[in-house]
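Heads up, there are several structures right after this.
What follows is a pair of complexes built around subunit A, which joins subunit B in one and subunit C in the other.
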Partner chain A sequence: MKIAVILRQVPDVVQELVIAADGRSLAKDELTYITNEGDEHALEEALILKSRHAATVTAVSVGGDEARDALATAVAKGADEALLVSIPLERRGDNHGLAAYLAPAITSGGYDLVLTGVWAADQLDAGLAGLLAVQLSFPYVGGLTAVAVEPAGNRATVHKEFPGGRLGVMEVSLPAVLGIQSAEQPLRYASVSKISQAKRTMQVKEFRGSLPNVEGVHVSRLTKPEASAKADMLQGDASRVAETLVRILRERGLV
Partner chain B sequence: MLVGAESERPHEDATADFLQRMGKLPSGEKILSCIQCGMCSGSCPLGYAMDYTPRRMISALRAGRIEDLYRSDAIWLCVSCFNCTFRCPVGVQITDRLIAGLRVDLLSRGVGVPSELATAFERTARYGNPFGESPKKRDAWTKDAGVDIRVVRDGDSAEVLWWVGCFGSYNKRNQKDSVALARILTALDVDFGILGSDERCSGDLPCSSQGEEGLFYELHQKNMQEFAKRKFKTVLVGDPHAYNAFNKEYPRLGTPLPVRHHTQFLADRAPELRRQMRKEIRMKVTYHDACCLGRRNGEYEAPRIVLETIPGMKLLEMPRNRENALCCGGGGGANWLDSFIWQRTRVPLPMQRVQEAAKTGAEILAVSCPLEIPRFEDAVKSAGLEGRLKVLDVSHMVADGMGLLGGT
Partner chain C sequence: MIPREVVVVAEHVAGELSDITLEMLTCAREVAFPLGWHVTCLILVDDPKPFQALPLASDRTLIVTDAPLGSFNPAAYTRVLLHLLKDLSPRLVLLGNTSVGMDLAGTLSLGLGAPVVSGCTRIRGEGERLSFTSKLCGGKLLARTDVGDGLAIALVMPGSYNRELGMVDRVPPVEIRASPVSLEALPVRFLELVEPKTEDVDITKVPILVGAGRGIQSRENLKAVEDLAEALGGAVCATRPVVDQRWLPRTRQVGRSGMTVKPRLYLALGVSGAPEHVEGMKGSDLIVAVNTDPDAPIFETAHYGTTVDVLELLPFLTERIRASRGR
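So, the complex of A and B:
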């Protein structure tokens, strides 16, 4: 079984985001990147599958130069192959465009399963996994918390979380694209020396396609969120606070 | 039986490989001198919860059964209090070699590492601090210090280069003590500066004794590059773990640093502190010896000398003091193992310690390690001692006596 995991490099919000002079993009000098959290879970799920079946895991890192670091971490954790897909930041958040760009790289790999996070921190339109499935003509199911592949390798049973604490168990025929919400186990740790070793020894394949003329979303303007109304702090003794609280709840029709 | 014998072979090889690696580290070969007296297991504050106590760990290594140790939770129960190392009659470096070495192996396998600790490592690798805060904001606390705190840049010099540390830089409560120390240094007319956003985790916490060697080497390299760009006579630290890193680990890697813990630095200036005291603090105080400053680095007196410069203050000792002090439970990265340890022990060490402090009749528990502030303050609340026992850093108390805390 061949599994591809898509690892998107997204802006790290620990550093303050700065809007560039054009008013519609982020200032690149100020940015640092991090692997999208959902994609980290997709990698973990792929490595869990690898531990259960004879599978090879290809880490497909999508981003700029920083995407190489994500590949090293993936290899240190147990990925077998590393594929770098370079794409400029301004084209990454548009998942219609990104799916069209990634499709040939995935097709040529002949994968049985394509896993990625069900959501990305920088996405502007619908989830990548579903759009990629359309491009590949594969079935798609997302919001998953567990994946089990049948021994024959042509079908997988997946757990999908629904609102209200409901769990769906469904079957999907392979090849398929799966949107992972969280892996079955906590993310494994890759020690710094293992990552450095992977950086020195891993073989990175590079995919260079021409950027597709597809645009799902056009960004007109970026602004910082505006501060909304401030919170009111209720003062006084407990009975007075309780009275005020009841009055507010009644006034707003909440009770 | 032959199959069984074959399956045992790799274990023995892994054990031999481990012991060989230990032998290459300073005093690592002493593991072989263990006399199985059990002093380590008896003095361990969490030994009762370990399936493999330090003595049993060494015994298992002798039997070629390192795989049993890899499967044991005991490796992650160590809080780096150094009781075992301090007590060992033959000088086995249990904490820094045996436990750290086993952790190195588990970390390189990547599975079974408690997730809170793994997160702290990942954040330290990425941002240079275990909290996941922006490295650019490391010196943001200086804005409200009320005194001028110079950032020593590339090519600049300062008599004293103050290594503020991660807790002192980012933790809201510890920042108050950083401000207090800045004001003391200013009042003492010390030519000092900080590294600002060029400072990173020293590596001792949570890396070296936790076994994240690669991360430690990376931080050591980065920090030494930053030190090399600046001229200074003394490195001043507030965190005993940074003190240990600079005092013991950096020299081991060929880069000695002239380091002083702030309690030592202030003890050297005790007469001057006494002259500058403005206010009596009529309080009963007990001092908690930080494991990393005391048992690990042999400094017991400096904090007491500093406390005694404060007029009116009465110093009381807990029954377990100096080399017998009970650990706060947060050393060597155990600050990020609290829930893991709680699930297996149900008796938090900091809670036991604040109860010991309260029993002396003290109103203040004085500390010299930044971790102890949040750890003991939480324990004071959990133990129902709020309003009866305050937790204060030695530097904070000195600044108070000198009348320097206005506006904090």
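So, the complex of A and C:
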């Protein structure tokens, strides 16, 4: 079985996000990129499948130089192959363009399963996984928390999340694209030494295609949410805040 | 002629419409009414009975029936929707920004040649143009977008519109049709629906909840959170990343794919306030948020907030609450 995992670089939303002078994008110099969290879970799920079956996992990393680091981490965690898909920063957020760009790279690999995160932090159009499935003429199901592949390798049974903690159990014909919500197990860590070793020894294939001309969604303005509905902020050090908080709770009969 | 219809693609589980369907109807009304457009609620289902007498806030309810539509199946749904939507040729199609809507958006977008705007918290018709406001980057940013004059697909963020307004006091005209396309040989099959296990604490029934987020940093630190919950006579719940780490069971997860809670007190510790989580706890009577990031979106939902380090605050708070209770 051949599994491809698509890893995207997205803004780290834990860091401060600065809006650029054009008022429509993020200031590139101020951005820290991380691998999209859902994609990390997709990689973990692929490695879990690899531990159960005779599978090879190809990490497909999308972006500039930081995407190379993501490949090294993936290889250090257990991915067998590394494919770098170079794409300019400003096109990365548009999944319609990205899906069209990635499709030939994925097709030529002959994969049975293509896994990626069901969602990306900076996404504004449809999810990459669903769009890629259409480009590949593969079925697609997303929002998954478990994937099991039948021994014959032509079907997968998946768990899909629904609101209220419900799960739908579904069967999907392979090859398929699957959108991972979270892996069956917590993400594994790769040590710094293993990552540096992977950086030195891994063979990175590169894919460069021509960027498709896809008209995306036009952002007219990017803003931070208005502060009008902001919480009443408690001042002082931890001890002082604790004191104020207990007074508030007591006034409301909560302690 | 420019199409003048908004189609809401209903979500339902176990014979009941999901809240997001009613929220989308409210959204559709808000867009359609000032422009004189029509709203169609489109329900794909096996048995129309539970849905045909609902007083939905639409101009009509169109129910399409076939056996594989009994439970959500993205392959069956997209096959029917591509056919129907070409026929109806609406201006705007609303899907939930949910695990259902997200499965459909890509196929519908490419199949119908329509742009998709996701994470929508507000949609407005300005003249004949549509403008969208979306949340992105975990709720830290809002994007205003506009699309061309043709069909557009929008994913509506749950919790953005009032669901009560999605029902009115009359039943709109209802049309029931058989599926216009064959649903044989689908590449996806729905096998079964698994209800959540409730052998653990039922967090929807606990009056005081202490919510642990990523800012708690490690499993070891959860002990201090549990101590606080115990001192308060409440229970610990968590955001998705904490549950994904297996620090707490799934039954404690609050948010879109977990539970919706409305306790008297919700203490959010190290919780950033991503829309998926906020959706499940914003109805709490009193919300207090602790997060070192002053820009964390949780402070838009909380009544009280502080940026002191949660790990520093915990021992002080637990001690003072114990002292206060002992008095």
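Quick note on the criterion: the second predicted complex is superposed on the first by the 229 of 255 C-alpha atoms of A that agree within 3 Å, B and C clash if a C-alpha of one lies under 4 Å from a C-alpha of the other, contacts with A are read in each partner's own complex, and residues count from 1 in each chain.
Everything that follows uses one rule, which is that a contact is a pair of C-beta atoms (placed from the backbone, for glycine too) under 8 Å apart; a residue touches a chain by one contact, two chains touch by 3 or more.
From a predicted model like this one, the values you see are computed outputs, not experimental measurements.
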| item | value |
| --- | --- |
| Contacts of A:Pro163 with subunit B and subunit C, given as first, second, both or neither | second |
| Contacts of A:Ala190 with subunit B and subunit C, given as first, second, both or neither | first |
| Touching partner for A:Tyr111 - first (subunit B), second (subunit C), both, neither | neither |
| Which of subunit B and subunit C A:Val14 touches, first, second, both or neither | both |
| Partner chain(s) touched by A:Tyr101 [first = subunit B, second = subunit C, both, neither] | neither |
| Contacts of A:Tyr33 with subunit B and subunit C, given as first, second, both or neither | neither |
| Greater residue coverage of subunit A in the superposed arrangement, subunit B or subunit C | C |
| Subunit B versus subunit C as contact partner of A:Lys77, first or second or both or neither | first |
| Contacts of A:Phe207 with subunit B and subunit C, given as first, second, both or neither | neither |
| Footprint overlap on subunit A, where subunit B in one structure and subunit C in the other make contact | 14, 16, 186-187 |
| Subunit C contact footprint on subunit A (complex, rising order) | 11, 13-14, 16-17, 19, 26, 37, 41, 96, 99, 118-119, 121-127, 129-135, 139-143, 157, 159-173, 176, 179, 181-183, 185-187, 215-225, 227, 229-234, 236-239, 241-243, 245-246, 248-250, 252, 254-255 |
| Residue ranges of subunit C in contact with subunit A within the complex | 13, 18-20, 71-75, 98-100, 102-107, 109-111, 115-119, 131, 134, 136-147, 153, 155, 158, 187-196, 208, 232, 240-241, 244-246, 250-251, 253, 256-260, 264-265, 272, 286-289, 293, 295, 297, 299-309, 312-313, 316-317, 319-321, 324-325 |
| Residue ranges of subunit B in contact with subunit A within the complex | 107-108, 110-111, 113, 115, 118, 121-122, 125-127, 132-134, 136, 212-215, 217-218 |
| Of all residues in subunit A, those that touch subunit B in their complex | 14-16, 34, 76-78, 186-196 |
